[in-house]
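Next come two complexes built around subunit A: one with subunit B, the other with subunit C.
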Partner chain A sequence: MSAHLPILPILWPLATALVLLLVLRRSVAAQRAFSLVSLLGLVAIEVALLLWLSGGEIAVYRLGNWEAPFGILLMADRLSAIMLLLASITAVATLLFAFGDLDERRERMHFYPLFQFLLLGLNGAFLTGDIFNLFVWYEVTLIATYALLTLGSEARQLRAGLPFLALNLTGSTLFLAAAGLIYGATGTLNMAHLSVLTAAADGASAVVVQVATVLLLVVFCFKAALFPLYFWLPDGYPAPPAAISAFFGGVATKVGVYSMMRVFPLVFPEQRALVGEGLMALGAVSMLVGVWGAVCQTEIRRLLSFHIVSQIGYLAFALGLLTEAGVAAAIFYMIHYTLVKCGLFLVAGVMERMTGQNSVKKIGGLMESAPALAALFFVAGLSLAGLPPWSGFFAKIVVVVAGFQQERYLYTGIAVLTGLFTLFSMMKIWHLSFWGEPAGERRPVPRVMYGAVALLVACSVIFAAVFQPVHAFARQTAAQLLAPDNYVRAVLWEGR
Partner chain B sequence: MELLMAIAIGTLFGAGLYLCLRRRTLQVVLGFALLGHAVNLLILNMGGIRHGQPPLVNPAAAGYADPLVQALILTAIVIGFGVTAFLLVLAYRAYQETGSDEVNSPRDKHP
Partner chain C sequence: MMSLILATTARGLMPLLLLFSLHLLWRGHHEPGGGFIAGLMTAAALVLQYIAFNAAHVRKCLPVDYRVLIGTGLACSLSTGLMALIYGSAFLEHRFGHFHVLGIGEVELATALAFDIGVYLTVIGVTLLIIATLGDESEAA
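The block that comes next holds the complex of A and B.
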């Protein structure tokens, strides 16, 4: 059984989606119940996978039992297991929220199967060990994203959908071109095999490999919404209902960051300096541009979308250090930030539902009418800004420490400064919407929506409480990522 | 032959990029179709061009053409087809809903 564990996170959502689509399509209630039960099952599978891989083993699953590097293979390590579990926990909260948030028309328009297809694409991307296969999983993810983004066909969604689709399509085209170049230069697409061959490339091949590296950097920056390729995000993400945009904001952009973590240390071990410098510089600019964009916004979910750009900057900076401490900080930060960002989007969803308004200026006095919501926002908002004792504080500390260790004072300074601006923009929401004169309507909000927010905020608080063991685990993960030899051995030499 | 292919790829990329930067949605859709073709040709070229040889190892034949690039292109074509279909429907629905066929219509401004 355990030999087939790595492929279960792919098959499970696929089977679920098909059952939802073919068997349960008439009853919304049955779709809800089945999606939730299946998702809890997926969480259980991924916990088992995490426990199995936490010892440092690299699981290799050869599809059709083709020998590497000729067949497509799945590859799971600590990082994959963390990402899978993180995505599923966020998905549980999103799904619960969607029960209360979505109108029945959208639920009937196949929201639940589409959501499973999105998870399928994400899980595939987290597990694949083949660069062309990664492209295919990106496309699976993107097609589900396009459909969810425009689900319901409101004018705003359709208008936001077109540029979103066009820009992501550009990214996909470049990815395909990069995969073609890599295949031409080395004759393989298997990541572990590439690790050996790109290091050995010389002459014209070396140039092609370098071009492909830069192309992939551009592609992943696109997917992760890093400066200067972030502009599709603040328009696109606030358009769909809050449940959908929360999952996009929490998890979808992380695929880009995950791919950077996976591909650059493993596939291009010789290009580290180039990639590292590029990521740090882009990350630093992203932090500032994103947070400045957020400070100017009044529409809550648009404001939070700009914060995504800023937070991705932190991840790129920490990752760009390419030291064990730096990569560990990026992994650590990613866990914190996925939970908190998704939670904040859901808080915004509750605020919009309650007041019927989406601008902080038109909402006021929520502190008195909804104290529970205020408490949840307080924890999540301060956590995003990086104030102790919430999870963001520990996440920012490890990033800053990793930056200082490498004597990157300018970039680290920018990271600290960005925290200040983040606090300012969170205070803006707090002052205008939670304090002050009551403004906006007060409509009843289904309890389950509160429950979803509380779930994520509780996860972030637990994360802060056990930060030391989590950080130790993140360091082990980073050490594993930065030693490509282990992957080469596991994929190419073992199990023959 | 490879020079000819390189020129064709370059032309397709240029034309596709030009169309992608236009404001009307239909031109953008066509631009992406051209870009897709350009990338497919690029992949075909990267596998090396063998004239008139089968994509399998046949001991009787003088050599073989790389079958993997053809499989990759096939995958890319299928994905491209699906996305283009979605893009066309989306463009049409957006036109119905907003009465404009520009990618970023002037009414797009946020409050």
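The block that comes next holds the complex of A and C.
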């Protein structure tokens, strides 16, 4: 069965969604139970995949047994396995939270099958081995995202949904144009095959490849919400219910970052230096713009959305170094920040549920009435700001060290400064909402919502406790990513 | 408002369009055609009924929940792909064989056809669901 392991993360959520849609459509309780059980099964599959690939093997799965580069293939390595598992763990917490957070009307509007379709698209993007299918999986993800963003059809959701739709359609069009250019210049879209052909491209086709590289950089920046293409995010992500926006904030933008990690070292080995410089500069500006945006906000989930932009800046900067230490730092940071960011969104969800308010100014004194929530926020907030001994501290340290190693003092300085502003913005929430006079109502909050937050915070604490082996693994992953020859061999020459 | 000319034409065209869409579905394995375009054509035939008559008439023509139609189509395609796993080959690997059917003669049947039927149903379901949601408020939500 292990030969079919790489395709299971795609087939599993699809089959689950169909069961939810066809068999269990009448009963919300059954849908909940089945979604959760299926998701735990998915986590088990992905743990197996991670264990299998942790030795450094590159798994190639040929759909319909068509040979590469003619057929469609899936490709899994350490990075894919990490991303898959990370997405599923976050999904478990989100799903648990949704049990308490969503009203039955939204649950009846096919929330559970849609959530599975979203996972299907993400998993597909993490596993695909060619550029065109990356586009297709982006679209699958987006269609589910559109539906989840506007699920419930509140005015605010629809207002956020329309620009989101229009902008993403533009992004998709650019992506398609880039894929068309690449196909025209090289005659293939298989990433491993492209790796060989783009390195050998000369004359006119080399120019076309360069244009396509820049186009793809723009598209991925857009998906990842990197400056200057971040503006859709702070309006869009806070609009849906907290469970949905937490999953978007934790995982959805990471697809863009994952694509950068996958595509640039592998597909365009010649353009590395150009892309690296671009990513570092954009990353540095993103850090500052994001965190300044956050400092001015009072609406909690909007504030956290601005922090996404600044955290993505860290990822882009670390990735842009394109050294083993830099890429390893980006992977390491991404694990920390997916868990913590999703956790903070869920904390915000609990605060909103409890007080009926979404602005830090209208909430106060939560420390006394909800000490457990205060503790969870304390850990997650300080972790986001990068204070020891929480996970963010180690994540920021590796980024800063990687930056200094390359003597990028300005950008690294900005990264440190951004940490300081992040701390300020977390302190603002703490000071206004957890300390001070009690303000806002106090409504009961379902236990399961606390459980979901605790799950993510626990994961982040464990991550901090075992940071050394995790970081060693991230380094191995980075080394694998930066050696495209292995992919070419695995895809084009082995298994014939 | 119902137009007599349109209604009569739509009634007459319906079987032709459906037959032609099935023909496209059938020939799709070797020649231009396939589940996607056939599904669009069937959906177009039903949309014509929408224009010529009304929503209730289309409901009578195809009395199933479109969401179920989408799910059934996807399940059909998915299970075709999964069949290959049972035989020990890769997901979506297709097989075909020649069969002798009484009165018709030699017929080639491929698992790709079952996959295409799934696509066909999904496309019909999606198209009609979109049209119905936009055109008829009772379908919304």
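In the analysis below, the second predicted complex is superposed on the first by the 496 of 496 C-alpha atoms of A that agree within 3 Å, B and C clash if a C-alpha of one lies under 4 Å from a C-alpha of the other, contacts with A are read in each partner's own complex, and residues count from 1 in each chain.
Criterion: contacts are C-beta pairs under 8 Å (C-beta built on N, C-alpha and C of every residue); 3 or more make two chains touch, one makes a residue touch a chain.
Since we're looking at a predicted model, the values are computed, not measured.
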Sticking to the clash and touch definitions up top, decide whether subunit B and subunit C on subunit A clash or fit. fit
Have a look and say if subunit B or subunit C is in touch with more residues of subunit A. B
Report for A:278: first if it touches subunit B alone, second if subunit C alone, otherwise both or neither. neither
For apex subunit A with the CA centres of subunit B and subunit C, the angle to the nearest 10 degrees sits at 40
Under the stated touch criterion, which partner chain does A:109 make contact with: subunit B (first), subunit C (second), both, or neither? second
Determine, under the contact definition given at the top, whether A:18 touches first (subunit B), second (subunit C), both, or neither. second
Touched partner set for A:440, first subunit B, second subunit C, both or neither: neither
Given the touch rule stated above, what does A:177 touch, subunit B (first), subunit C (second), both, or neither? first
Tell me which partner A:386 touches in the superposition: subunit B (first), subunit C (second), both or neither. neither
Across the superposed arrangement, the tightest C-alpha approach of subunit B to subunit C, in Å, is 6
The intersection of the subunit A residues contacting subunit B with those contacting subunit C is 153
Mind pulling up the subunit B residues that touch subunit A in the complex? 20, 25, 28, 32, 35-36, 39, 42-43, 45-47, 68-69, 72, 75-76, 79, 82-83, 86-87, 90-91, 93-94, 97-98, 103-105, 108, 110-111
Could you pull out which subunit A residues touch subunit C in their complex? 4, 7, 11, 14-15, 18, 21-22, 25, 61-65, 109-110, 153
Under the definition above, what is the set of subunit A residues touching subunit B in their complex? 132, 136, 139, 142-143, 146-147, 150, 153, 155, 158-159, 161-163, 165-166, 169-170, 172-173, 176-177, 179-181, 183-185, 298-299, 302, 359
Touching subunit A in the complex: which residues of subunit C? 67-68, 70-72, 74-75, 78, 81-82, 84-85, 89-94, 141
